[in-house]
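The block underneath contains the structure these notes are about, expressed in structure tokens.
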């Protein structure tokens, strides 16, 4: 995963083929449920029995992560929250967290955004205001606190002592760069040049910029080079960032794609209810994930 | 200019009215010539005899700045370059710089981008790789160099000494946040909600986010709220950032607006030639800027 | 309760707390704060409301980081936070309590500092929620001098009472008790100590004019994003034409 | 010169310098580097070329910072820099020389560090341009150990010769002299000292196959973005159908 694929956007057959590109143990950056999650690929990861995945929520996670956690694919989660939104707590995450079955790296939304933007710019860190005084700071030895160097002409000291010491002068927290192994998400359109259209979901572009590889499923193929179209271009992620692409019609279902299909609230509620128990979750997997013909909604 | 106008996008009559909002002495962030410069407002600033403006090129400047400099409106320029592109050197900038008539704050493109992104995030600085060893660093006392705090567990020292000292450990440069008084640019469309459409010229959004006020001229008014349209939204700057708007059809001329009108190369060449001398520049101003009926191209 | 729904009372209180703010950001599962904003808008106040995660459209074009950047720029005047636990020093816990796991801190550790004012809002008023000391500080209620902090808590509103935050004393003061509750009940159900004047006012109910707005234009504005909520609060009373849309 | 234009020779040299790079970024006023990239593409190489400031469309959707972010990410293999002055330590000056003001440093102070390789390209080969020491270092040719630097100069190409950069010695080595020039002429016109083997090769001219590509698909690919250049180089020879487009 070290080489950045500059000129090799590959066109794969389907979600299974994309899932096969993601090795066990990879750190995968995932968007929130409202931001084009690649659910078809997530289901394919469950089917291929992916192991020890490390999930990064950008900045929060939902059903996408809950499925992978419940199916035993996940070793570690870094996120600022996991929730099913209107459908309540994410039941498999909640149980795994309460039983201590996951390595949890608690964060807060803008620290994740800033870490990805640091990687996007090729710098080792980015500063952020706030956060000091949250118990998150003590848990995250990779978050550093320094005196604001723009205000201090003399020495500035890395926090060995507590940032709340009175001799700390305008302390500020630094988010370390986050460069995930894989960015995984869904797009409304792709084109033959390997570009994908994400619309206003710009956090997906940031993930792809920061990641070592980006795997993208898409609703449908669009004619022409979208980067040459001034109306579409602002919503495009250029192919330079896209390692591989595959078609997955209704690939975000049961979550939604703006202007294509809405969130399937009833399904999400049914999932939230079923997944409250391990047995219910197993039945859900059998019915909706492991049975090939039900890979995506018939609607 | 202290209060951020959260709920008060004002609709003004024309470029003159926008220019009247920009006080003498203001720091104005301007885009490059290829990125929607508000030329009609720039001409109006010349007509209202604006004084002591401080220009910030994001990240470079062109005819926009050359006109203001030649007309005596400018006290200071911070930029990574001033050029007319294919038409050669920017003659009024070049002469003013050679004669020492301008306070020049030399920069390099990504330091300006990073400084604006720092202001966009409300942090005092942003780190950047590279730059060390450029003579720019010695000229910019506001650029600080520190040891990379992510690598150094002990003390980290602000550069009093030279960063090239062998005991400097992975030095990195910090771009101070730049929060210009005014962001000034042109947009293809505006809507009644006060949103403007910039397409892929995202640097304009960054300027507006970072600035204390944003003044925007636009080609034409579009029906509906563009932020509610998933296709247009990715290219929109939301009205929360827009202080005031005014119509200026062909307002970027002689520069271009993608899909509307191209750069008027012949005019730019003619300007570059005329502006080689003060007299030629005066004649250009008389003909194309100070004569109201010729404020913009008849085409 | 009176001739109004509890949600209407709470929205009215929040509307008064928002006051003359210029820009309010309202999170996903927050129909009552959204109702308060819609009430102010219906009254003709020039309030800008950024509703996060609207079903159709949204106020942002820079992705999910834009809210945090806006707050960092100082452009968010009022934000709302809840909490699995809230303590008497206005610390907020969104992570874990009594062996139970909650979703996580979201952006609280930043927004509580960067928004000019934060209204703490949790309908459940119990010793389980309002504790002497939170088990985990997702976001602290105050910061030492020398630590950058643009804003902090303004008030804590629950289903029983309204507390004002006193930054100097770092303690809440009971401001009013909602009709139907009593000072005694509030004391019983609050796990932290708080200040209290010699007499405690009753929370002002929504006025007739406010109720008319709530049941007309406000209900119609809220229904598209919170259909279940709108149906529950208003459909049984005086159904606005679009509440079922 | 021979049965080829000087621009064709230079483009051929640049194409060889680019070699098997995956991604090349080409600046605004750079028709010859763009021609080299088009030649590689016409040969079927899987080269990704990001042409900055194309007349129609452009490879970016994040505004003008995207080039620098791409380079920071390590995704730019080859970049080009010119210079009002270039010295024997590969320092580049884009700001001022002999009392004259030039446009400014642009992104050179970053790109020279972040791109994996930089090809220095300046057609004028004179002691005015190739100086012992630049008056102003826009971007340094090398950096001390311990200073982050992903890449640096690969070569210096002028209208007369090709120099290779020797990072260990921090000096240029004359690689070849273009047909029509001589070692003596190169020495006369170069203001800095450089290494030189016992014999100096002549720069290889474009092959017949390369010329055929240059005058066919390459000319057609270049004409839309550089119409004046394409007309000058190719229209007088064997006009490709689209060169005047």
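Letters A, B, C and D mark the chains in the order given here, with residues in each chain numbered from 1 onward.
FYI, a contact is a pair of C-beta atoms (placed from the backbone, for glycine too) under 8 Å apart; a residue touches a chain by one contact, two chains touch by 3 or more.
Just so it is clear, the model here is predicted, and its values are computed rather than measured.
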item: Given chain B and chain D, the chains that contact each of them; value: A
item: Touching chain B and also chain C, the following chains; value: A
item: Result of counting contacting C-beta pairs for A-C and A-D, higher pair; value: A-C
item: Identity of the chain that, by mean CA position, is farthest from chain C; value: D
item: Computed distance of Cα centres, chain D from chain A, in Å; value: 39
item: Chain A-chain B separation of Cα centroids, rounded to whole Å; value: 34
item: Averaged-CA centre spacing for the pair chain C and chain A, given as whole angstrom; value: 29
item: Length of the line joining the C-alpha centres of chain C and chain D, rounded to whole Å; value: 60
item: Residues within chain D bordering two or more other chains; value: 58, 60-62, 68, 72, 114
item: Multi-partner residues of chain A (each touching 2 or more other chains); value: 110, 117, 121-123, 128-129, 172, 200, 202, 205, 230, 233-235
item: Chains touching one another, given as label pairs in label order; value: A-B, A-C, A-D, B-C, B-D
item: Chain D residues within the chain B interface of the complex; value: 28-29, 53, 55, 58, 60-65, 68, 72, 94-96, 99-114, 136-140, 143-144, 146-149
item: Chain B residues touching chain A - in the complex, by the definition given at the top; value: 110, 114, 117, 121-129, 144, 146, 148-158, 172, 174, 176, 198-200, 202, 230-235, 258-259
item: Chain C contact footprint on chain B (complex, rising order); value: 4-8, 119-123, 205, 209-210, 225, 227-230, 233-238, 240
item: Touch list for chain B against partner chain D, complex; value: 32, 34-35, 58-60, 79-83, 85-86, 89-90, 93-94, 97-98, 106-111, 113, 117, 128-136, 163-164, 166, 168-172, 200-206, 262
item: Chain B contact footprint on chain C (complex, rising order); value: 22-23, 46-48, 50, 56-62, 68-75, 77, 114
